[in-house]
Structures are given as structure tokens and as C-alpha cells.
Amino acid sequence: MTPAANFLPRDPNFDARCRDSFSRQPFMTHLGASLVELRPGFAEIRLPFAPFVRQQHGYVHGGAIASVLDSAAGYAAFSLMPADATVLTVEYKLNFVNPGEGEAVIARGRVVKSGRTLSVVQADAYARTGGKEVLIATSIQTLMALLGRHDTTSAKT
Amino acid sequence: MTPAANFLPRDPNFDARCRDSFSRQPFMTHLGASLVELRPGFAEIRLPFAPFVRQQHGYVHGGAIASVLDSAAGYAAFSLMPADATVLTVEYKLNFVNPGEGEAVIARGRVVKSGRTLSVVQADAYARTGGKEVLIATSIQTLMALLGRHDTTSAKT
Amino acid sequence: MTPAANFLPRDPNFDARCRDSFSRQPFMTHLGASLVELRPGFAEIRLPFAPFVRQQHGYVHGGAIASVLDSAAGYAAFSLMPADATVLTVEYKLNFVNPGEGEAVIARGRVVKSGRTLSVVQADAYARTGGKEVLIATSIQTLMALLGRHDTTSAKT
Amino acid sequence: MTPAANFLPRDPNFDARCRDSFSRQPFMTHLGASLVELRPGFAEIRLPFAPFVRQQHGYVHGGAIASVLDSAAGYAAFSLMPADATVLTVEYKLNFVNPGEGEAVIARGRVVKSGRTLSVVQADAYARTGGKEVLIATSIQTLMALLGRHDTTSAKT
């Protein structure tokens, strides 16, 4: 399915708001992941293949792939939310289709549906080597906007 | 659903085989996770709430929860596989039901169905504080046995 | 995971409200499915193995199993919602673990988490033959309460 | 993600094999669904909005949508399997993104990865009215080839 191409952000300051939120995630720092691109309804995260993200066969651990897919989907959805909202991941499902090896994992989240409360995001991960990319995982994710609760405050479901 | 209570391991040496495999996962070490319990068709992993597993609201990052659920399901399935097999995660789906906070995440994988090729595992994560546990995530996972390929060798799908 | 055992219904009239809603579903009638049991946070649906629910191998079609799992999860969640709400299925994931054959499919939905807006339900399907049941599918489902919109009116997401 | 565009069928007779299999599914007949298009790695199924596929709000029942998504994914995967194989659905996850109303549901399955044993398929459903289509559900599905067992024989997992 082709996700809707053009979304209008409800918050003109969405870029700074998302990048600030990402920078407050110690877990992304711990993995070495960075938010490399952001557009309304789209986010791309890059995870270099450091030795510490690997599993027992030398490939990148599925949990590391899930982690950057989770954040890519989260910021794709968050980019379209109003300024006074925060975002929660409700659920996701992912399939691993090829082993992760090369230079970096590239995770891309694209909003499929942006509702007032719920957003549906497709997020895919690629293994990049040189200029070449191979799909390693595909996911569908559901995110929730918590309105009236700014992202810099702690949130309870 | 109550997962089947009693599974007979095809490999009498399953405990050492699983623990050895877990110890070869740099990513689990990087998160600070440990394999605390193992029975045929069951695995429990403990992830202490270190500052580096947190997201922007101070709770444990969903990706860290997914990572230990992934490994818990993997070793629950792997415990029932023959000695000359390795395990691949095909896919999973997880729902986050409460924020993760407290002392540690406890992830438990229980095999629901152990087929020759595919296994289905239910894996749930709890936030533990003192002796109390709160469910934070529930998942269903599909794993695949790669027969004739020992876990210590590298594997391609 | 053991779903929470005891839920208090917000609407004392939940049983009549759910049964009335079920009776207004032409698709359940078309399949021959009936709502056989209802408790707060729990619903059981029975689908007899009529010739028309089968697929090309003679087993019950996965879509028929999904259909009764969908409704079982929906009414398990709906039983806990307030009187002026209606219910929407947000998403679900199901694994087929054994072929469906015998006398009837029994689908049971059990609420895992009942939030103000979202509910998470585990729903499992069994093939029943004589007094014996075999698990054929397991699912996790996310449902949404639409407050202020009674179930007898049409709803738009 | 853009599913791979070109797949080479392993069985030159794939079209007749898939259409014959579809015609042996009483459940698809019972729903009024038809297989309208088939290419290597792609299948499209059409489900008219008959009164009997509706739920309590007058929209098409989620189970009916799941049923045609299940078959669309199944035949997309089956089109690439060898002549002596049959296909089993391992699992799927679907999100409902808009209510189903109009003239017909169009379900399209596109293979993302076709492995020797497992296939991953993305299947999406649209509500068609006049020449216009609205996305109503998106899914990821995992299918399994059972080799050496022709589709016209009964299959056990």
C-alpha cells in the first residue's frame, strides 16, 4: 500500500519538537542510533552495526531492529501531532525477512493514517552496505496521542 | 489460553546449549539483561532498569522491552529444539499495556506450540518493584528451527 | 499470561446490551455463529462446522476463525464499556496453530487490560469434538471505546 | 515499503492452479467473493457489500475483511510456490483504518519475500465506490509452503 504522500503538520514547530524528544531518549543514545531525517508523517533513524548490537550469529539482534523501528514509527506519528500532545506506542507487529548485516540499519516510518487519537504507521528496516539497501524487517505500528500532556512531562497510560 | 504445561526436550543438554547461546549475544550484555530461568518450553529474562534503557518520559523504552521479549521467546522455543538446530525469529506482535517502571523488567516466554519447523510462543513482560509485578507488555511470537545448522555457526535465512 | 480474573462492569445492563448488539450483526448470522457465554470481560462464541465455512482442504477457513475471534474479543471488551459507548476493533494479530476440524469452533475472548479508551483482549479459538478441545488459533486484539455514541447508531472512525 | 516488483513463478501453470484452488473454497463462495486478478506474487479478491457481510453499525464486518485479506495473501504466496506444494497461513496482523462501506471490498496481496519455506505478504483492503478507493485495512501475513503435498489433498500442520 502506498502511504498517503502529503501530510500537513498541526504544529509548525514539529521538527524541533521531535528532535528534542529524540535527544531525551537515553536508550537511543545507548544503541548509537540517530534521527537522520524528519518530514511530516515520516521519520528515518540510522543504527550503525556496532559490535554491541549483535546476536549470537553475528547479525544485528532483532531487538535492536525493533527498537529503531519503534522510534521511527513513533516520530513519524509524533510529527503530525499537536504541540501539546505526547505519543505512546500502543502495539506493533514486525516480520524479519532477511538477516541484518553491513554498515547500518536504516529504519523508516511512514504514517498510513493519522487520526485524532490513533495513528497507524508502516515502518521498514533496511541493511545498508555501500549505497545498497536490503529489506530486513517490515512492521505495522499503532500509536496514540495523549492530548494536553506535553512530551517533556512524564506520562501514564 | 493456558500454554501446554509439560514439554519433553529433544536435547537432554538443552540447558547448557541455551545458556551458552545467550552468553554469545553481545546485545543482551549491552542491555544488562540476564537469563535467569530456563525449563523445557520456558525462559525468563531479567532486565534491570538502568538509566540507559529509558525513553523520553523516564520509562523503559519499548524497544528494550521488545528486546528481552524477543530473547525470552527465542530461548523458550530453542529449549525444545534438537541439538543440531539453530533458531530464527520469524515475526512477533506485542502490545504495551502499562508503562515500564520500577526495579526490573521480567520477560517470560512460554511455548504454545512446538512444531518440527515452526514454534509459537507467548511472551509477557512485567515491571517488578519489591515483590510486586505489573504486566507491561504481552506478545505472540513465531520462531523457526533451522535444522542441521548448529547455533554456534552463522546462519542465513 | 493470566488475564485479570475479575472485572466490574461499568454498565449493570451489559449482558442485554451485548446480546442485542450481537443479534444486529448479519455476518454472524450468515456464518451460523452464536454468542453462548458472556461475563464481564469475557465472551464465548460458537461456530458450527457447516460445509460453507470450509476452505480448499476441508478445514474451517482461517477467515471464519478470525471472524469469530474478532467478535469474541469485541464483546469481551464491550461488556466492560459504559452504556453510552460503542466499540471499534483497532487491530489484531492471530496465529493458526492447528487445523480446524470437528464439530464446532469455540472462540473465547478475555480482557487483559480495560483502559478508558483502549482495551487489550486475548482471544483463542478451539476445535471441539465430543467433549475434547484442541487449540487452533491464538490472538491479541486492540479495541477502542467510542464514548458518547450508542452502539445502535452508525459509527465513523 | 515497495514490495519486489517482479517474481518468476516456479510453476508455469500457476494461474490455473490458484484459480482451481480458490474455486474449491466453499467459504469464499458463501461470502460472495471472487478472485479477480492474479499475477506472480500478486492476487486481488473482490467482495461485494451484500447485506449479510455487515456488522451492527451497517459497515462490513471486520471478519469479512480479514477473510478476503487472508485469501488474497494466500494466493499471492501460492502463485510463487512449486506445483507440488500447498499453502498454509501461519499468522497475520491487520489494522482497520477506515470503516468499510460502498460497493465492494477489494483485497490485494503482494509478496514481500518468497522464501523456500516461508513467504511474507502485505495485503491491503480498500472500499470501492464508483471508481474511488479508500484504504480500510492493512495487514502483514506469513504463509508456509508444504512441499510434496499437492493442494488438492487435505493437509495437516
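Observations on the structure shown:
Every chain is named by a letter (A, B, C and D) in the order it is written, and numbering of its residues begins at 1.
Here is the rule we go by: a contact is a pair of C-beta atoms (placed from the backbone, for glycine too) under 8 Å apart; a residue touches a chain by one contact, two chains touch by 3 or more.
As the structure is a prediction and not an experimental result, all values here were calculated from the model.
Centroid distances built from C-alpha atoms place A farthest away from chain C.
Chain pairs A-B and A-D differ in how many C-beta pairs are in contact, and the one with more is A-B.
Centroid to centroid, with C-alpha atoms defining each point, chain A and chain C lie 32 Å apart.
Chain A and chain D have centres, each the mean of its CA atoms, that are 29 Å apart.
Annotation: 23 Å between the Cα-based centres of chain A and chain B. Each of the following residues of chain B touches two or more other chains: 90-91, 93, 95, 97-98, 120, 140, 142, 157. Contact residues on chain C toward chain B in their complex (touch as defined above): 1, 93, 95, 97-98, 112-113, 120, 122, 124, 135, 138-140, 142. Of all residues in chain A, only 90-91, 93, 115, 117-118, 120, 140, 142, 144, 157 touch chain C in the complex they form. Put simply, chain B touches chain A in their complex at residues 21-22, 24-31, 51-64, 66-68, 70-71, 86, 88-99, 151-157.
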